[in-house]
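Everything below concerns the one structure shown next.
Going by the order they are written in, the chains are A, B, C, D, E and F; count residues from 1 in each one.
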Amino acid sequence: MNTSHRYPAPELKDVPPDIRERILQVQEKSGFIPNVFLALARRPAEWRAFFAYHDALMTPDKDASAGRNLSKGEREMIVTATSAANQCLYCVVAHGAILRIYEKKPLIADQVAVNYRKADITPRQRAMLEFAMKVCLESHLVDEADFPPLHAHGFSDEDIWDIAAITAFFGLSNRMASFAGMMPNNEFYLMGRAPRQK
Amino acid sequence: MNTSHRYPAPELKDVPPDIRERILQVQEKSGFIPNVFLALARRPAEWRAFFAYHDALMTPDKDASAGRNLSKGEREMIVTATSAANQCLYCVVAHGAILRIYEKKPLIADQVAVNYRKADITPRQRAMLEFAMKVCLESHLVDEADFPPLHAHGFSDEDIWDIAAITAFFGLSNRMASFAGMMPNNEFYLMGRAPRQK
Amino acid sequence: MNTSHRYPAPELKDVPPDIRERILQVQEKSGFIPNVFLALARRPAEWRAFFAYHDALMTPDKDASAGRNLSKGEREMIVTATSAANQCLYCVVAHGAILRIYEKKPLIADQVAVNYRKADITPRQRAMLEFAMKVCLESHLVDEADFPPLHAHGFSDEDIWDIAAITAFFGLSNRMASFAGMMPNNEFYLMGRAPRQK
Amino acid sequence: MNTSHRYPAPELKDVPPDIRERILQVQEKSGFIPNVFLALARRPAEWRAFFAYHDALMTPDKDASAGRNLSKGEREMIVTATSAANQCLYCVVAHGAILRIYEKKPLIADQVAVNYRKADITPRQRAMLEFAMKVCLESHLVDEADFPPLHAHGFSDEDIWDIAAITAFFGLSNRMASFAGMMPNNEFYLMGRAPRQK
Amino acid sequence: MNTSHRYPAPELKDVPPDIRERILQVQEKSGFIPNVFLALARRPAEWRAFFAYHDALMTPDKDASAGRNLSKGEREMIVTATSAANQCLYCVVAHGAILRIYEKKPLIADQVAVNYRKADITPRQRAMLEFAMKVCLESHLVDEADFPPLHAHGFSDEDIWDIAAITAFFGLSNRMASFAGMMPNNEFYLMGRAPRQK
Amino acid sequence: MNTSHRYPAPELKDVPPDIRERILQVQEKSGFIPNVFLALARRPAEWRAFFAYHDALMTPDKDASAGRNLSKGEREMIVTATSAANQCLYCVVAHGAILRIYEKKPLIADQVAVNYRKADITPRQRAMLEFAMKVCLESHLVDEADFPPLHAHGFSDEDIWDIAAITAFFGLSNRMASFAGMMPNNEFYLMGRAPRQK
């Protein structure tokens, strides 16, 4: 039985104004409110920290972006692959959708989620995902020897920090979503699957 | 790098007539030839055994069906869940598509593949998948104690054989598909996802 | 408690004639009927597919044998090692017996079953078993990099397909035997152990 | 080789004023600056989100505390146990120190880190740690059945959210500390170990 | 390549007299010298401790036997099962042979080694092996709850100590045999397999 | 609940004289009796074998020391690291204390126990611990290829035997301590932590 009944999401009208404002922006852009935005809003302080962290990693400001060159699609690829390793339904479906859209590749999310080694991605992206999986599953083994192969694919040390930090942050997200029984919005399942997706 | 270049699929015109006939039937019904049909046809004897086994489990004849009551959707649900455990891209995508169609539930395949415990399925189906996972991942632990809980959900001993055998057969299929680098046809990714799927 | 009481083997007189004929041949050759032949005969369609697959991999016809050079002993060595990894009592004991006989080495089956790395086998055979174990336990990791080391030991791509397919097929067999509680015939335990075994 | 040379901590004088202020407060209270405060400050936006999240979980405001009754010691116990499972040197040593101090038990941190099942803790605390470990290591398995045993020990649903969220947040922290090679300050190793620790 | 060339066994004539005496006794009784006796004799102090420990657990003196009722066969059954879990070739083959002889059951060793859950043993013996496997593979989880089920099968606390200690001691033996490349004497493979074994 | 009530330690006055003598020596040297000395004394034969083995590995006689150059600190480092892998509270705390004292490094034991890869040790010591961990966790994989890297760090074959044997012996000790619920003496937790520890 799903655990979500224990942690009911607040109604939009009841959340603090700063949170509501952000949610309305997302709704306007996406056409719906992704469930995580309301599910976490029951604890405003955690909500604010969560999305501040999310934004710092996924959409960093210009002045925080020196040497950080992961594309938006690559960031979502990391989320999709590591969330699949953590068996997080919400994040695989929601971020898989965003991955399809950013990469304009309708097939990529399922490939990355099931077995990224078989996915239609570049050797650079495969190296990125291998390192992300190491951080996800056995971070205690990360050491200096992991860096040169990533440098060889053009990743800077700041990029590598991003790979690690995105993996670590969504490991938090995966655990909370599985724990609290967050279900992905129905809209995510189909997004970006049509061949001509904008 | 994909291994499929080592085992090129024959062209349809070059396969033995009995195999070609079956493939043409599938093509007519589906609108395309699922890649596994051609990929395995390079060894006709294995092809024939593979599909004979497949049919015996997935579409048994009437006279072999006494006490066997798994629905077609349930059979595909077993394939999707256990293929995800084996990280088999071909089977998750192809059988996930068939699962969506049989169950007329556009969301179910992704749910079952990522984490069947969070899927919108019945307690009976969850018990079925838990047993399938045990056969998939630790068959040496199966014993008499596994049966009463399955009986309590209405499964007969023949149903339980079916759950085990479907899991075992697709474990073979998963290993061959991953080994030989079989990629799912593009068509499978989108099949059964539209809300009004027939 | 053993689960075999749920799936009683039919009597020989009650199985379809084509199956009975094959069983009688085996009995004549071996001096007894290996239990798997009767245990699976309760479902004739599965029996036929199972043994057709078995024969296609273990005793291929001449015209299907181009480039396929695994010896009979090597095929059984794969079965013994991977069945031990799956903790399948039936297959380790039955195929271990056949392995001893084909290889004329009374000690080899126990060595391969307990820890093939310590067995008295060639480096070529060890490489073969390492690849078989990868297909058995983590087939999602198989990729192009697995091939050159096998080629270096003289294995062709068709041999490698055989290693993978034998592993995959007996993975099916292991799961069914453990699930259905098949016990090896007493005869197998001693076969091929005497130093001068014919 | 440690990876920390790749991500040198900024000097205190170079960090943004809001961050510097907080760090100076910590230094005043503790007598030293825990390394994580400077190590993460190289990316101010992540620093702010990290410590906002930390505070929301570890020292929640009064108005966010309804139904949340984990003691400070229990919160640190969760961090110590799960950080040990993730083999994070920084967090085990630093939070183990804080655990000793809050609980006024000089031996507890080593016990909880090595094997919490042998630690001198209450059955309630053991149940808390078992659930934390499940969230840490197999969050995909969490379901409704985990709640009644925790309720029986007096944990509210808000407490259970806290257990899960603390585990999830420090899972992030563990991965970043191991990745970036953060070493615990020498001071932590000895803190709270003297029998008469205030 | 086997590591045994690095640690050549001394010749019998070169070992200290007390060790030689014991070895000659074993040779007289068994008809051959089990390899472990010479392999460990290169370090006499370790040899003496090893066999003193072995004897204290496997053939305890009368005055050390109060409340200790494991049969000799049960002791060897523990060794065979846990050595198989550790994949120790020497111990599975050598102690499997002794197990067959003590139990007068030619099939039992292979059954216990491959999957003790399928072996022809009593429920009491299965409970004994389950506990031994817990000590072997996850001793940190052993706790008070493990005792009542063992008591229910008639095991005393001294018997339970024996189960744990035999498992622990042969865990040492398994690691040394695998490390040092000890191969079982050929004689062991066939011992006790004939139906009328004395 | 701790299992130690089932196996109460004898009083010092009740143990055999040879055992009492050794215990009194240890008490004089350490200032207290480490719990393992009394806990195991309930079975004198096992006690004698245990400590004979311990001494043969940890404080070998001069005439048994040819080619054996591990320092006392290195020996304790192996114990601490592998006992942490086995989650043995007694051995991590007790031998961690001895490690701190021998190495005169107050921080080293916690580092080695939590994640030896992050510890302040030499590359030689890290290689030593990697091999010890292999013997501890997957001894069936040890083979000839493990030796050259150890030789390159100056370890002799006798040193390598010591690494393996210390690991194997304390694997026994870990299992017995966890099984029997041995708790480390309070004294161990603080020993060697003060910067000027003699």
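Rule of thumb we're sticking to: a contact is a pair of C-beta atoms (placed from the backbone, for glycine too) under 8 Å apart; a residue touches a chain by one contact, two chains touch by 3 or more.
For clarity, every value in this text was computed on a predicted model and none was experimentally measured.
Shared contact partners of chain B and chain E, listed by label: C, D. More contacting C-beta pairs link the chains of A-D than the other of the two pairs A-D and A-F. Chain centres here are Cα averages; for chain A and chain E they lie 52 Å apart. With centres defined as mean CA coordinates, chain F is found 24 Å away from chain E. Separating the CA-averaged centres of chain A and chain B is a span of 30 Å.
We define each chain's centre as the mean of its Cα atoms; on that basis chain A and chain C are separated by 45 Å. Within chain C, contacts with two or more other chains are made by residues 2, 87-88, 115, 118, 140, 143, 178.
If touching chains are joined by edges, the resulting network of the protein chains shown has some other shape, matching none of path, cycle, star or complete graph. Chains touching one another, given as pairs, are A-B, A-C, A-D, A-F, B-C, B-D, B-E, C-E, C-F, D-E, D-F, E-F.
Looking at the complex, you find that chain A touches chain F at residues 140-141, 143.
On chain E, the positions that touch chain C within their shared complex are 2, 84, 87-89, 92-93, 106-107, 110-111, 113-115, 118-119, 178, 181, 183, 186, 189-190, 193-194.
The touching residues of chain A, counted against chain C in their complex, run 115, 117-118. The part of chain F that touches chain E in the complex is made up of residues 1-3, 6-7, 43-46, 48-50, 52-53, 55-57, 60-61, 64, 86-88, 135-136, 139-140, 142-144, 147, 157, 160-161, 164-165, 167-169, 171-176, 178-180.
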